[in-house]
Every structure is written in structure tokens, then in C-alpha cells.
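The structures come next, written out as C-alpha cells.
Both complexes shown next keep chain A, but they swap its partner, so chain B is in the first and chain C is in the second.
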Partner chain A sequence: MTTDRIGAEPLDDTPDFEIPAHVLYREVDGEMVLLNLETEHYFGLDAIGADIVTRLTEQPAKAALDALVADYAVELEVLRHDVDDLVATLVDAGLLERVEGFG
Partner chain B sequence: MTAPHAALLALAAGGGAPAVDDEEAFLRSVSEHRMTAAVLAAHQQGTIRLSADAALVLGTWDLAERRDHLRFWQAAGEVQARLAAVDADVAVLKGIATEARWYDELGQRACTDLDLLLAPWALGDAFRVVEAIDPGRTYPAGLDRLVRRRLLQHIDLHVGTVQVDLHFDPLKVGLPTRQLDEVWSSTQVLDTAHGSVRVLRPEIELVLLLLHLNKDRFAFLGPFLDIRRILEGAPLDWDYLCGFVAAEALDVPVWKSFATVAVVLGLEHEAPRVTGVRGWTWERLWGGNARLGGDEGRARAPTVQRLLALHASGRVGDKAREVRRQLVPHRPLLELAGRLEPGQSYVGHLALRLVRRSRDVMQGACV
Partner chain C sequence: MSQSELHEHRGYLADERKVAAYRAALAEVVMPADVVLDLGAGTGMLGYFACEAGAKSVIAVDRGDIIGLARRIAADNGYEDRIAHIRAVSVEARVATPVDVAVCDQIGGLVHDAGILTCFADARRRLLAPGGRLVPAAFRIFLVPVTFDLGRGTVEFWASKPAGLDVGAARVVAVNTEAKYNLTPDDLTALAPGAEVAAFASDHDDPIRGSATFVVEEAGRFDGFVGWFEACMSPSITITNDPWSADRIDRWCNFYPVDEALDVGPGDRVRLRLDVRPRLGVVSWSGDVARGRVDRRHYRHSTFRGSFLTAETVGTFVRDAPVPRSDRLDTLGEVLHLIDGSRTQSDVVEALGDRIGSAFVSSAELEAFVRNVVTLAR
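Let's look at the complex of A and B:
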């Protein structure tokens, strides 16, 4: 599994992650279903997973983590661990990638 | 025959949908009637309430549809590139062209293949065109002649995994389209995020879609929505539209189809009234119970579809030629369809075919 730890200092407001062009996704009732066009694999995210991915692809990782800690009332380290796992899984599946040029 | 679920009909008509208490049957109907995107949008807008599981199923189907459409766009670009090398050009009909023009985003209009119209100037070079698009297949030697004589209206090809329906005739109802040059010269270039393609003038696109609904026996509800989209989105020139239909002598199928869509969707537009014997026989063949039959209804469509050409006004010579083409197809047509092997008796095949065809038409007309 790829080790893709998040939370490094952002260079600007650019998100640290993006959903690659070869991935189609659709949000449905807060959940998310993704399709990797290269592997033809579908992937489903529950509402929390979808929220994490949405935030990580809309703002720098640190800001996303801070917001998630506040919204879900969870310890930062616990959250970081869970998010790291999710990000690693998605990156391995080709469903998420680091924005080029990031730290 | 699988009629659309009541909630689907209500949604298509633009009203509030009744509660869905049989989601499994509802989803089957959504899929069969090609309504995934419309139902998903309705769910997200709160017009219809579905369980989270059902909504996710729709979301997954939606992705699959969008994936297919991206492939169609890639194939369209590939065909354009291949045809540039043989000095030919195509317009994109229906499918992704209709979607890109009249719908909001990719995947909203279900389609199963890529329909293309060959430019009229390239018709005499059909053999080279089909070889350029789908090389490596064996095509009958008489292909060019069949196309030049307007006896072959389309051919099924493949570009990778995408099925391409290459039209040599835009309307493809059996009779040769009279205004071929007008159809082509009035095409417009549509720039999209997925590529630039040539598309039909809206009025002609509307005619084509109505005739296609008719040919398909109005089997699926989803394609009805195309008509609403065009009526809402296009600045239609009704004088041009009526003139085009009249020049093709296709008033009966076009306006009867228009009236059918208007009734099902509750549209206020009023189609020109069609009366007379042809209107009466049209109603017997495609009216009432024959409509919205889903996959089963579509399966029966090709049999009755052959009678569509006979519902043109006049055009006796064209009709006679079409009847002859159907009953006694030219040898290259049979070879192209894989129904006649080299060395097989042409006359023997025709005799057997005539018996089967007569039986099918009688059965189809009785259903």
C-alpha cells in the first residue's frame, strides 16, 4: 500500500489532492461512487469518506484536516490515521492523486 | 410487454411522481426505459424519493453511461481522423450529439452506439470509407454501387469496442431522403469539451428523432425526452420544419409520432393533424397498445418497421423500389448481412425469405 501521508504545510490554497481525469464520480445523497476508467473498477464511499475526499480535493490538506477535526469532534491523530488509510487506499486504486508540484 | 413504471411516466410528463414502494421493479423499469439520468436528477432535486441503496445503484449506472459516452466521443474523433485521410466527412446523429446539444451534461441521454451520417460527396466512395473506418473486414464488391443507387442506407461498423451505425441516408426509413444535399449543407459544427462534431440543423434533428421513435415502436420512454428538450431549447423554424417534412412526403409518420410524444409527455405543442387511410393504418400499427413496450416492444419493431416507408404520401416509384428491395434484396445486400454464403443459391434463398417475411409481417401486424 502506498504511504501517502497528508498534512504537510500547504504552499498556497491549492488542494493537495485531485481526482484524476480517468476517474468518473457521482455524489448521491452525500455518498460517492467512483469509476476508474483505466481499471473499470467501481468504488463506493460512505458519507464520511465522501466528505473527506471532497474536502481534500477542494482545499489544502491541513485546512481539510482542521475542518474535519472540528466537524467530527475527533482527535487529530485518530483522524489523521483514518484519513491516511483512506487516501492510501484511493491512491492505490488510482482514484486520487497528489496535485503535481505539491511539496 | 413492459410498460414504464407509473412513477416514470409521471416524471417524464413533468409532474410529481407517486411514491415508489416497489423499488426493485422501479429500477428495472428505469433501466429498461433508459431513464437513469432523469430519475437520478429527480431524486437529487427531491421530485422523487428513493432509498439510499436505490440512489447508489442509479449513481453506478450513471457512471457506466458516462463511461460509454466518453468512448463514443473518442470513437467519433477517431472516425473523423481516419476519414480525413480519404477526403470524407461525417456528421454525428442522435446519441451523443443530441445529448451535447440539448442536455446539461455527459451521460444524461442513454445511447448504445455511435450514429454517423456520411457526407453526400463521399457516397460514391463508400467502399474506401468503410475500409478506412473499420479496416480488416470483408465488404462485398458491389458496395459502392449499392450506396450510389441509394439501395443501402446504412452499415454497421466497429471502431474498437464501439458500434458505429454509418448512415448513407440520414432518415433511413427505406425511401431515399430527397433533400440529401440540404440535410448536409445545413449541418452545423458543435464544439464540445469532448471534441468538435458536425450536427444536424435542429429541425431536421427533430424529424430524425421522431422517425427513430416510430421505427423503434415508441418502445422506450427515455428517448421521448429528446423531443421535449429540443422544443424547449431550440429556436425552431416551424415553416422550415413543415416544408422539410412535406418535401419528404413523411407527414404521416412524423406528425403522428409528434402527436404521440405530445400525449405521453403532456406537451402543449400541437402537431399538424393527419387524416386519411395512411393515418388510419399508422394508428393500427403504431398507436395505443403498441407503444412503450420496452425491450419486448422493441424486439417486434423491425418487422412492422418495414411498413413505415409505405406511409409516405405518394412516392410510388420509391415505395415500389423499397418493396422490391425488401422482398427481393440484391445479392450484395444479402452478402453484407451474412445471409448468403458464396456458392449458395440466390433464387432458393429468396424464395425461402419471401415465405418467412410474409409470415412475419402478418404476425407483426396482428400484435
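Let's look at the complex of A and C:
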């Protein structure tokens, strides 16, 4: 399990995370379903999880966290904890990875 | 059986090239005293050919009610003593002793799309004797970039605002669908020579990956790829649905569109990566088009994006999430409780109505629910 905390050191506008090439994903009824072709397992994210993953893969983690804090009216540390858990789960499942060269 | 089902099976029997190839292949492969397994038997044709070839017995398996018709046809042709019929999904069929040969005609347009790979892989694991033979034994698949007006038109229809409605959401589905077309050379133009993308045994249900680079020879509009197979039926017999082959069988080909058509010219390179997951039923195709060193277009498609999915459906795929309780499950529990081995279906319907009839919008729905459960039980 990854123990890195995200959103610590913004480097540039490059997202810190990406969905690997072996993962297919799509939106379904506001949620996200991912298919890991290597494990042939499906994974479902609710609307909030989908929003977090979308933001983390479109912008640097720091910017994503700032936007999430604003949009969901939640304390940064609470949000960071939840996002860390989600990222760890997704990374362990091979559904998310850090962009090469990050960190 | 519906008229369309019967029509489908008529087509299988009427394809003289394919019928002759299966008959000749079974004559080569089947040895006297062999037990032959016919998976997805339909009317049972392949089992009769196996009997002609000298099989001691045939086990014909089909999930549909057509198995009753196959039983009748077997009797009408004098094979009732040599053919056993099992109504079951192929991967759930059981046999008393391992079989020597398995035969199947569920090849689809590009092999993965009609179930033969998963059926044969399962048969190899559970049903075939060591050294058991498969008909077909192996496949090669080919693709070629094409100009294909009908295929492009089918995609762009969804952007055309038919009936004045914005149905563009369906276009995403259309460009991520492997579409079936019965093709002749008049229907499309090959922009480059076709290329073999993968070759594999017929019991291969692991991922199939392949790639090819096509150098365009004919100027035209790149609409996507058309794919076909070549099946090795026996040491001396092959069949193909290659639209340009004079010997092609009467079988559709699969068209893999790209999102936006692109005009290409001689010397342009079209690269393709194909990824087929037989167990998942997912096909992905991606690549790029380049002129010299200039990238002109990248494309990435998958039937995963083209399938109709709802949150409810997705929930059945996600195996790591808790299965939620529902009123429907509770109703199912009631029905299962009522099925005690002595009640008739009518008894179950009546008792369920007395207990929880208000859970159904009508008595017809209640009866249909019970009938579905009873069907599962058989």
C-alpha cells in the first residue's frame, strides 16, 4: 500500500497522477467504472470518487485538493485523509499511478 | 423458437462452403470409436457429420430450446441411438467420460465474438481427454484499413440530428462498437494490404494482442478497419470470411471505426494495436496515422466504451463491492422457500400471491417472476 501523502509539492501544471494504459474507464450515470485489463477486474467509483479521480488526473494534486476543499466545503486535513485512502486503494488495484518523474 | 432464430439456423445450414468444410474436416479428424462433443449444436448438423465420419457417439449441447428440434432431426436421420442431447450452456455441460473431439461453429466475425474460445478453453480444462482434438484447431485474424461508406454513415447518422433530435450521445457508442457487416469487395476499399494481426489456438481464452503497420497504397478516406479470420479446420482444410476471397464463407466481418475519418494518401502509415479479451468480451483498438515524421491522428477505442451500461449493470460486474439487499431478493427468497419439491408452479404462484402479492404490480408479473425462477431451477 502506498503511504505517500499527495498534494505536497506542486511542480508544474502536469497532473501528478494518471490512469494507466491498461485501465479502461468511463462515466456511467455520474459514476465511474474502471476495468483493469491486467487483472480483468471491474472497479466502481461513486460520483464523489469519480470527481476526485478526474481532478487528480487533470491537474496537479495540490490544485485538485484546493478545488475539492472549496467545492465540498470540507476541512483540508479531512479531505487529504480521504483522498490519500482513495489513492492508496486505486494504486494498489493498479487503477491509478503516479506520473513518471513525479516526486 | 422465434422466426428469427429459425432463420439464423437456416443460414448456418445454407452456407454450402462452410457446411462442406466442416463435413470434410470432421471426416479427417474424427476416428472410429471417438466420442464427439458438439458445442452450441443448434440443429445438430455437426453431430451428424461426426456420425458420418465414424464417431461412436456424439454429445450435442445447446442452451436453447432448439435442442428439442435437434433431437427430432437426429431421429429423422437415424442418429437417435448415437447422439445424446443436453440443454445447457456449454460451460456448464457435464459429460460422464472425457471426449475425444470437440467441434463448434461459434466463430463470429473475428473469432472472439461468438464464444468459441471460452467454450473450447473450458472444454479443454474439463471435458476433453488428454490429446483431445478441436475443430477448428486454430485461427489467424487479419485487419485492413478501409474506406467504408456504409460503416462511416452508420456512425455519422448519430450526429445528423435525426427527427430534429440531438442523439449525439449515441455516436460515442457507435465509434466504440465492433459492427457486423456482410461484405463483398464492392462494399469497401482497402487502403493497404491486409495484415495478420494475431494467430492462436482455438482454446485460447487469454488476452489476444497484436499490432500491424499498414503503408497506404490507395488514396482514400480512412474510416476504420475491417477484420476477418482464417480458421484451420483440419490439417488440410481452412475457411475464411475474408471479403476479398472468392472462397469466403457466408459470414459477416467486423468493422472497427475510428472517431473521425481522415483522408490518407500513398505512403501514409496507419498503425494499429488490437487487444482482445475473450473472457471479458472487450475489444480495444488504438493507434495513429502518420505522414513521414508527422503524426496526423491518434485514435483509441474500446467496446468497453461502446457497451450500454447503467449503474445497476456495473454493480453486477464489480466483484469487490458488497452485494446490496433488495426487495427483489427478499421476494426471490420467498419463492425459493415455497419451492419444496411437492408444490406445483400454480401452487407456488397462489401461495406467493397470498403472502406478498402486493409486491407485484399485477398477477401477470407475479406469474412471470415465478416462471423465471422455475426456469432457472431446470
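Throughout what follows, the second predicted complex is superposed on the first by the 103 of 103 C-alpha atoms of A that agree within 3 Å, B and C clash if a C-alpha of one lies under 4 Å from a C-alpha of the other, contacts with A are read in each partner's own complex, and residues count from 1 in each chain.
Note that a residue touches a chain if its C-beta (ideal position, glycine included) is under 8 Å from a C-beta of that chain, and two chains touch if they have at least 3 such contacts.
Here the structure is a predicted model, which means the values were calculated and not measured.
**Student:** In the overlay, answer first, second, both or neither for which of chain B and chain C A:F43 touches.
**Tutor:** So A:F43 only meets chain C here.
**Student:** Given the touch rule stated above, what does A:L24 touch, chain B (first), chain C (second), both, or neither?
**Tutor:** Both partners, chain B and chain C.
**Student:** Examine A:L35 and indicate which partner it touches, taking first as chain B and second as chain C; both and neither are also allowed.
**Tutor:** both
**Student:** According to the stated criteria, A:E97 is in contact with first (chain B), second (chain C), both, or neither; which is it?
**Tutor:** Neither chain B nor chain C is touched by A:E97.
**Student:** Which chain A residues contact chain B in one complex and chain C in the other?
**Tutor:** Residues 24, 26, 28-29, 31, 33, 35, 37, 42, 44, which sit in both footprints.
**Student:** Using the touch definition from the top, list the residues of chain A that touch chain C in their complex.
**Tutor:** Those in contact with chain C are residues 24, 26, 28-29, 31, 33, 35, 37, 40-44.
**Student:** Please give the residue numbers of chain A that touch chain B in the complex, ascending.
**Tutor:** 24-29, 31, 33-35, 37, 42, 44
**Student:** Residue numbers of chain C touching chain A in their complex, please.
**Tutor:** So the residues of chain C touching chain A come out as 207, 275, 277, 279-280, 282, 284, 302, 304-305, 309-311, 314-315, 317-321.
**Student:** In the complex, go through chain B and note every residue touching chain A.
**Tutor:** Of all residues in chain B, those touching chain A are 40, 43-44, 52, 55-56, 58-60, 62-64, 66-67, 70.
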